[in-house]
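A, B and C are the chain letters, set down in written order, and residue numbers restart from 1 in every chain.
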Amino acid sequence: MIDLVQNTIDGVMIGSSYGLLALGFTLIFGVMRRLNLSYGPSIMIGGYVGTVLYVQYGAGPLAVAGTMILGAAIAGIYVERLCFAPMRMGAGIASMVSSFAIWMQLEQAAILVLPRHTYPFPPLTTGAPLEWGPFLLRLDHLIMLGCALGLTAAIQFALYRTRFGLALRAIIGNPVAAHLVGINVSVAVMLAFAAASAIGGVAGFLVLSVDQQVTPMFGMWATLKGLIAMMIGGLGSIPGAILGGLLLGVVEAHCQWYFGPQIRDLAAYIVLFVFLLVHPGGLLGRAPGSDIAAPRTP
Amino acid sequence: MLDVTDLVTAYGKIEALKGVSLQVEGGKITCLLGPNGAGKTTLMMTIAGVLQPRRGSIRLKGAELAGLSPARIVSQGVALVPENRLVFPHMSVYENLLAGAYQRHDKAGVNADIERMYARFPQLHERSEQMAGTLSGGEQQMLAVARALMSQPRLLLMDEPSLGLAPLIVAEIFNIIAELNRDGTTIFLVEQNAHMALQVAHQFFLMEQGRITFKGTPGQLAEDEVIQRAYLGTRRAAG
Amino acid sequence: MDFYLGLIQIIGVHTLLGLSAYCVLLTGQVSLAQAGFFAIGAYVAGMLTVLLHWPLVLALIVSAILGGAMACAVGFPALRVKGLMLVVATAAFGEAVRLFFFNFTYQVQSGAILLGPHGGEGFRQIRYFPEHGWGTLDVVLFIWTIVVLVMAMLWWMDRSRVGAVLRAVGEDELAAQSTGINITAVKVSAMTIGGIIAGIGGGIFAHYTTHIEHIQFGIVLATFAIAYPILGGLSNVFGTLLAVIFIQGLLIEGLRFLGDWRNLLFGGLIVLAMNIRPRGLLDAGVLMTLKRLVSRNGERKGA
């Protein structure tokens, strides 16, 4: 019983990083209705910039976090300008294929800058875990959960209470009409991309500082985990992204405990596959197939 | 007020506008009639900057609009009420109006204008918190017009405002158009409903296959003839 | 010389992979499961020839059947979802297959060594070709006979009523449905054909590399599979072949002299190609031009 609860706690903690990754993904998908395979690799590039600062100049965790978030945002803008801005409507698959090509490019760039397979990454805290009855809580995990909840609230606020949020929701609702009311759609989409990658940067920083190392494979890992969590939570739903991430984390934690680490990843895919087929809308998503010719909700 | 000269817009190799020239006079209602596929919507989208022309010029009181982004054109005082209305379906009526004033920064003025819109369109006031996608067709059309007016345009472009609406609602929309014009807004209107359009228009153009084929005032041509050419085009009407 | 023969083998196998995604894409579905069917084909064919000493052609037939059956089984439930959901669902399936083979061990003692798939270490010693005295040239001929057969079949299918039906579903599902086309049957059939082709491709792949492991069949390979027909254009099967030559021959092998910098340019060139030709290298416009050129030459000869 204690194991069950402890596993669930660990799952929720790890899941909050998945939720953060899904948050950025949801923002991009919501605005563009397209899949950005380079989302994770952009974050990975940010991580590499951060680790260079750490290894070469001994920068502290906060400075590393700042540069990583900035680096991820710039990489995100690079991807958006190359793969999404120039592609006309209806060329969604072309964007996806292009973002895949950029993924390979970013991975190679990371290897060129730092040719060893892994590099150290600064830990955020080194304190002993908090004890709470028989259960253990790691401080960095708690920070992760706090960031996930805080950023969700911040994004909800930005979307529903600010001028930029109004512009983004207008673009989501109808891109042509957004042009017609005088929104600079191209700039707004670029900024949304940058913001999404920056959120991914936050997630990436937290994950890497728990792992205390970074590898080029982190890009693919972040894309896949973010994507799975977003789909389980429901396409286009901000709270859904966090919920999906938490659920994924809990399922993985239990599978790892009972069946070992290899089955853990397998279980994640099977859960997703079954989830998509049985309940395509996800936990909090709109109607199934809402990315294609969604009927106007009555 | 608006001078379009020799405007060419193309989709790939196909020219939808093959050198269109026309003038819209300030303070009046100008109407553009023509059969489906004549290029009327393309013209409206080109003036609004959503489509980029290949050649030609669009001048608003002498200032060139061709080549500007849609956002810049809105800031120059041109607003388009698009075909099929295109309201933001998952935003409330109030937020749609707010989006219409996206380029304005005078909060007090925007709020006053929203109140003015509510006064002019009482249905919108009643439904201000309702999602726009849940409104009826006529209400959505009114919202689209109100949204365009929120940018305080000097020139209001309207693309088929009567499309898909019941006759009573169409009459109401045309009343609003006439009223807006009486209050001083210059209107350039694309319509399929030639009968209604000719009742409010001060001048009109006929467009066929990407070209302007007639320019005149409503009395100048018998309504039957206008309707025949507007729906069928000259070629088929002659044959 | 061997280098070029090796390249021709790679191009052949990747063409099969691309074609398997091509017929699914015709119906407007984007599937990232093709690498999964490819993996199933590879492991099954390898196990049949290595462990049971079956002849290769028979093993490939079983690979094709299993690939097709799996695709059919995935196709039915996957049809409930569309667009991005289908992309992700099929990607999840593909990754699940990969992880299955990551955990799959079935080894048999043969003399001094153990043969068969061995989890994360992969499946080594698939030595059918050298054991049966096939030279590199024989293998090239064998691969391309199959590629040509598959392309001919798809070409014929494209020209026939079947192709028209597939494209109709891809263009506009509702319209296709209203003309009495059974959407489910069409989509599942396309998926099944794709699975069959991927199964054959995987079976061949296992035998010419002689060593397969799970990591080769990941999401990267799945994305390559759809990148080929998208980059080549969906007008006909030659677009896919052209794209495979462009990517595998020109970009990957041709830029090898750039060393580590290759992938930087590789990514950039694909993006450039997609920007210039979002409908693929071989789109309707290019085909028209080609046709005009051919017919003009024909007229000249006739005159």
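Observations, loosely collected:
Methods note: a residue touches a chain if its C-beta (ideal position, glycine included) is under 8 Å from a C-beta of that chain, and two chains touch if they have at least 3 such contacts.
The shown structure was predicted, so the numbers you read here are calculated from the model rather than taken from an experiment.
If the chains shown are joined wherever they touch, the resulting network is a simple chain of contacts running from one end to the other without closing. Across the two candidate interfaces, A-B and A-C, the one carrying more C-beta contacts is A-C.
Put simply, the chain nearest the middle, going by average C-alpha positions, is A. Chain centres here are Cα averages; for chain B and chain C they lie 50 Å apart. Per-chain CA centroids place chain A at a distance of 42 Å from chain B.
The geometric centre of chain A is 30 Å away from that of chain C, both derived from CA atoms.
Residue positions of chain A with contacts to 2 or more other chains are absent. Residue ranges of chain A in contact with chain B, taken from their complex: 163, 166-167, 169-170, 172-174, 176-184, 296-298.
Considering their complex, residues 30, 77-78, 80-85, 87-89, 91-93, 95-96, 99-100, 102-103, 219-220, 223, 226-227, 230-231, 260-264, 266-271, 274-275, 278-279 of chain C touch chain A. Residues of chain B that touch chain A in their complex: 48-50, 69-71, 74-75, 79-80, 82, 86-91, 95, 98-100, 102-103, 131, 133-134, 147-148, 150-151. Those residues of chain A lying in contact with chain C across their complex are 29, 33, 35, 37, 82-83, 86-88, 91, 93-98, 100-109, 111-112, 220, 224, 227-228, 231, 235, 262-263, 265-266, 269-270, 272-273, 276-277, 280, 288-289, 291-292.
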